[in-house]
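Below you'll find the structures, each written out as structure tokens.
Both of the next two complexes hold chain A, though its partner changes from chain B to chain C.
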Partner chain A sequence: MSIVLDRLFKRFDNHLVVNDVSLEVADGEFFVLLGPSGSGKSTVLRLIAGLTEIDQGNVRLHGRDVTRLAPQRRGVGLVFQHYALFRHMSVAENIEFALRIRRVAPQERRRRREELLDLVGLSGLGGRSPRQLSGGQQQRVALARALARQPEVLLLDEPFGALDARIRTELRRTIRAIQRELKITTIFVTHDQEEAFELADRLGVMNFGRLLEIGPPQELYLRPQTEFVATFLGTANLMVGEVTPEGVRLGPVQFPLSTRGGVAGVPRRVQVLFRPEDVAVKTSEDALAWPLLGEGVVEASDFVGSYERLRLRLPKIAGVRPIAPTAPFGGDFILIEASRSQHQARRFPLQAGDSAWVGVRRVHALTHPGLSLLVMAGGSQEELAALDLGGRIASLAHARLTILGGGGDEAEVRSRLQQARERLGGGLAALETAPGGEDPLEAVVRETTRQHYDLLVQGMPARNGAEVAERSLQAGDHHLLLVPAPGPVPSKLLICVAVGEPGKEDVVFAGRLARHLNAQATILTVLPAPADPRERERAKRFLAAGSRTLSLLEGDHDLVVVGAPLVAHRGRATLDRLVRGLLGDLRDHPVLIVRAHEVLA
Partner chain B sequence: MTTASPSPHPGIGVPRRIDHLSEPRWVRAGLIGAAMGFLVLFLFLPLLVVFAEAFSKGLAAWAAAVTDPVALAAVRLTLLTAALVVPVNLLFGLAAAWTIVKFEFRGKSLLTTLIDLPFSVSPVISGMMFVLVFGAHGLLGPWLLARDIKIIFALPGIVLATLFVTSSIVARELLPLMEAQGNDEEEAAVTLGAGGWQIFLRVSLPKIKWGLVYGVILCNARAMGEFGAVSVVSGHIRGVTNTIPLHVEILYNEYQFAASFAVASLLTLLALATLVIKGIAGRRAGGAARRVAA
Partner chain C sequence: MRSRPGGVLPGFGLAMGFTLLYLTLIVFIPLSTLVLKTATLSWGQFWETVASPRTLAACRLSFGAAFAAAAINAVFGLLVAWVLERYRFPGRLIVDGLVDLPFALPTAVAGIALTTLYAGNGWLGRFLEPRGIKVAYTPLGVVVALTFVGLPFVVRTVQPVLAELDRATEEAAATLGAGRGQVFVRVILPELVPATATGFTLAFARALGEYGSVIFIAGNMPMRSEITPLLIMIKLEQYDYAGATAIALVFLAASASLLLLINLISRRARAVPAG
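So, the complex of A and B:
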């Protein structure tokens, strides 16, 4: 392995810029780090080059630990976005700089310089000043300069960022050719997807300091594991469906599994991806040979060169919630992105307003379901605490976050949402705000029918905590995190488990959360499903002991997770008495109520 | 549009003036006239007067005034002071600008503000400060007196006062230049294997070379021409602690106008020479800054 990064961390002003990044790059490999600006990819390069100090973790180059080694001695060639050529030196002097530092004989220096000028296609321009060269030529000089002392690895930090499209393509080929010729291990940082796809042997996608996925470009495009990668690479239709032993279910439509990873047992919620080119659009139902999604209306059709891009609007499908493309707030329909070849577009012309039948050729189920959080922003202290904790969890878990405006008049809600945005600031994968309306709970209902949420974060009022929790759980099918007061991000979780199948959910969900928060989890006790009164009593004692333990070891556990087997009472889900009691006891800890499958009383 | 003559900016023609964005002719003429008039009234006219007065009694009288032993002593003292002050301030300015631009530390903004202090304090006050510290009745006066060390009314005092007054000039010239240039080239040099001194000598110093020259020239001009602070600490001992500006004042107060202006013309010549070099350096430094901006 040429480059090995082992759990790198970097913090700037208490903000995690590089968050647990591990990576192995093989000898001679061309690796591309792709991500939006501010995702930490350039910082990773600087950590490897030694220009930025590493907070935690190790960097090994060719088996040598260089974590504490001075940048001069790492044997790394670095090319900067803005060239960073020495302005007062000629092109030749720039290229020879590293050799001069190493006291290479003048003759050898000259030979090497000519060789490098040749390599980057600038023979004869050695006498020029960098100022007399175009941007593309300057970057070629920078490349030659970085290669002069034959570095073991080459790092390129958005080298084409400041150049125009045509020169970029040209330089891309040059760099790829040189890299193949020299067989030098290379990491190339870019935010340009096309560049990444064209250059990379393998690709890593970063966002908010995390290296989310690594793989060959095609693999990441066709079979991404995370929501961010699915939507960042290309255009994505992403919906929440279910995975069953038979395959993937999207509302009424069943797809045989196109990828591995079918699960046994109960159906599990899963994010389902299909690309625009996987969407089949026909003018009649019979003509569709693929699983049918429904009949829709063409919203827009755009000519984009070699293909046609369609945006279709489908009526709501029961059991399907769209993630991307996002439906406008309050919209009661599903948007689908489709693309057709020009040949097809000519044979079955479609214009905005036409109706069409939509089928899906293949789907891919994401194995890493991204967390999706809904926070109710209100003015009270516990609601602000909920907003803070929700924001921090979202940032750590790379989760989507939507803030609901809470009650009050319009101006008040708007200013509150603005404040909430400023409070949470950057570091969030996706932040949306939505007005609250008169009744906050109604807003939750409206929002959760529009989109799927895993978790609702809410302030826990000093009184009637159980009633509030109950009503919030009734408003959708999310789990619930109740925050009574401001506090740190939980680092130790206490999970109270129910026996049997329902209990699994709490452990799974709490485990996911613990992994995201880098927190320890303790599974405390067994809480039986409400059946035998004696067992119930015992469980009650267990739970009481648990809460006592918690108050005894003050500060030891800072989040309690309880499974909530919801009891349907007069047609509405209600909380078990045990959980109600627990909510009354735990006033100073946040409580996570994990919804289990609903049980009939 | 094709032009045969080589233009310094190929591809960019002289932009046509857009009528609604340009002022009426009389406004332009008025503004230019006002600026020129001001220059003539306050710069050229006084300069002319200085040289006219200096040579009013003929070349011989001018030469006599300039080669007078007391005048020569003043010139020597002035040159000596400048020779001592400028290198020290060069180092200080470089170090201060370097520290402020390249490092993050507590009290950075305080240091940035303090660097401007000598510029904002009246020179007379600066002189007074040194008298209060080193003078016979000052803070360290008795201690210095006991050891027979003379600072006030002697060369050390003059040098200290000049040093203080001119200390911020080099740093102030370098700060904006270095801030605009950033750290990219140094970082590139690091990855190419250069050590600290090599980076400083081969990369950083050449980058700020002309800004530095500009600062040094300004510093030198101010050091030679400083009057207020030096006047307070010098004691006006003829032929011993009088610098050129002080000598000019004394001659003037003694109604030796021709001699006074003759010596003044020396200082003016010095200033004009400085101006010319400064112009050259300024153009180079400005070019460097423009290249950074481009």
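So, the complex of A and C:
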């Protein structure tokens, strides 16, 4: 292995810029790090080059641990976005710089310089000043300069970022050819996916400091594992569906599982991806040989050169909740992105307003269902605390977050949402805000029918906590986080399994959350509550006493997680008395109520 | 010489005309009176005044001390600019503001303050004089005063250039194997030379004309610590107007040609290097 990164961390001002990045790049491999700006990809490069100090983790180059080595001694060639040429030196002097530092004999220097100028296609321009060259030529000089002393590793930091499209393609070919010829291990950082696809042997996608997925470009495009990669690479239709033994189910529509992904077995919720080119659009139902999504209306058709891009609007399908493209707020329809060859577009012309039948050729199920949070942001103390904690959890878990405006007059709600938006903008997979309207519960119901949410975050009022919790749990199929007061992001979870055994949904969800928050979890098991009221009373006391004791012994538990057996009582979901009691006892802790589905069913 | 099209200011003719008028009123007319007044002297008298040992000594001191002060400022001004630009420390803004003080302070105040400090019984002079270093009332004192007034010129010309320097070039040099010293000498310094030269020239020019701060600390002993501007003043006080202008004219010519020379050199240094 030429480059081995072992669990790298880097913080700037307490903000994790590189978060647990591990990577191995093979000898002679062309590896591309792709991500939006601010995702930490350039920082990773600087950590490898030694220009930024590593907080935690190791960098090994060709088996040599260079973690604490100065950049001068790492044997790394680095090419910068804005060339960083020495302006007071000629092109030749720039290229010879590294050789001059190493006191290479003038003759050898000249020979090497001519060789490099030749390699990057600038023969005869050695006498020029960098200022006299175009951007593309300057970047070629920078490349030659970086290669001068035959580095073991070549790092390129968005080298084409400042160049126009035609020069980019040209330089891309040059770099690829040179890399093949020299067989030099290369990491190339870019935010341009076309560039990434064309250059990469393997690709890594970064977002918010995390290296989310690694693989060959085609693999990542066809079979992404995370929501971010699915939507960041190309255009995606992403819906919440279910894995069944027979394949993937999207509402009433059953698809054979055409790509591997996730273990089939018990039905469980997954995110289902299909690309625009996987969507079949026909003018009549019979013409479609693929599983049908339904009949829709063409919203827009755009000519984009070699193919046609369609956006279709389908009526709501029961059980299907879209993630991407995002459904507009208040809309009760599904948007589908499709693309057709120009040949097809000519044979069956479609214009905006035409109706068409939509089928899906193949789907892929994502193994990591991303977290999705809904926060009710009213104006009260505990609701603001809920917004704050929910936002921070969402950003740590890289979740999708929707903020509901809550009560208050319109201007106030708008300014509150605006503030929240500004504060939380970074670190989230997606952020939406929506006015809450008069009745917050109604807004929750409206929102949860539009999209799936894993977790609703809400302030816990000083009184009637249990009633509020019951009503909120009833509004959808999400779990519930109740926040009584402002506090830190939980770093210690106390999981109280009140019903069932560990391994059930409460522990699983709490575990997922703990992993995202980097938190420690303590599991407190309570014996299943039988009908005997005395037994139940004992369990309740045990639970409350246990949490109090634990907070004394081990310091605070910042979050208490309880499994909530929802009992249907006269058509209403009721919390078990145990949990109700607990909510009354735990006045100063946020409480996560994990819904145990099987009880309700 | 033609105007480049597309300038924001009105045409070349108008702009050039205004420039000439302005220069004439402010610079040329006062200077021409210098020549006219000097012309009342015969060649013999002129030569006698100008080539007198006292005048020559004064000129030597003026140019020598100004050059020394500008050279000191070039080095330390660069350092101050570097510290102000590259480090963040508490009180940085205050230090940054202090740099301009020599601009704002009446030069006489600076002169008196320096004299008080460096005189035999002053805070600094008390320690220096027993060790044989006399500052006040010597040429060294002149250099100290001129260094004081010239510092902001170098700092203020170098600072913006330093701020504009692309840090990536230093990082590139580091990855190419250059140590800190090499990065500074080979990468940073060449970029700063033109600005430093400009700062040096400005500080030098200012030092040549400086009067107020010097006369207090110099002691003004003829042949030893008397600067040319003071000599001119003395001539004026003796109602020897022609003699004063004669010295002034020579001093002016010498200064102008020196400044021109420095500007030419720094322009060459700034030019694009050839292969």
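Just so we're on the same page, the second predicted complex is superposed on the first by the 560 of 601 C-alpha atoms of A that agree within 3 Å, B and C clash if a C-alpha of one lies under 4 Å from a C-alpha of the other, contacts with A are read in each partner's own complex, and residues count from 1 in each chain.
One rule holds for everything that comes next: a residue touches a chain if its C-beta (ideal position, glycine included) is under 8 Å from a C-beta of that chain, and two chains touch if they have at least 3 such contacts.
On a predicted model such as this, the values are computed, not experimentally measured, just so you know.
Legend: residue contacts after superposition of the two complexes on their common chain; A:Leu34 is shown touching neither chain B nor chain C.
In the superposition on chain A, A:Ala92 makes contact with chain C only, while chain B stays out of contact range. Residue contacts after overlaying the shared chain place A:Leu45 against neither chain B nor chain C. The wider contact with chain A, measured as residues touched, comes from C rather than the other of chain B and chain C.
Judged by the touch definition given at the top, the superposed model places A:Arg145 against both chain B and chain C. Of the two partner chains, chain B and chain C are each touched by A:Phe80. When both complexes are overlaid on chain A, the residue A:Arg131 reaches chain B and chain C alike.
Touch criterion met: A:Ile101 reaches chain B and chain C at once. Residue overlap on chain A between the chain B contacts of one complex and the chain C contacts of the other covers 49-51, 71-74, 76-78, 80, 82, 84-88, 97-98, 101-102, 131, 142, 145-146, 148-149.
Chain contact summary for the complex, chain A toward chain C: residues 49-51, 70-74, 76-78, 80, 82, 84-90, 92-93, 97-98, 101-102, 126-129, 131-132, 142, 145-146, 148-149. Those residues of chain B lying in contact with chain A across their complex are 184-185, 187-195, 198, 202-203, 206-207, 209, 288, 291.
Touching chain A in their complex are the following residues of chain C: 166, 168-169, 171-179, 182, 186-187, 190-191, 272-275. Those residues of chain A that touch chain B in the shared complex are 49-51, 71-74, 76-78, 80, 82, 84-88, 97-98, 101-102, 131, 142, 145-146, 148-149.
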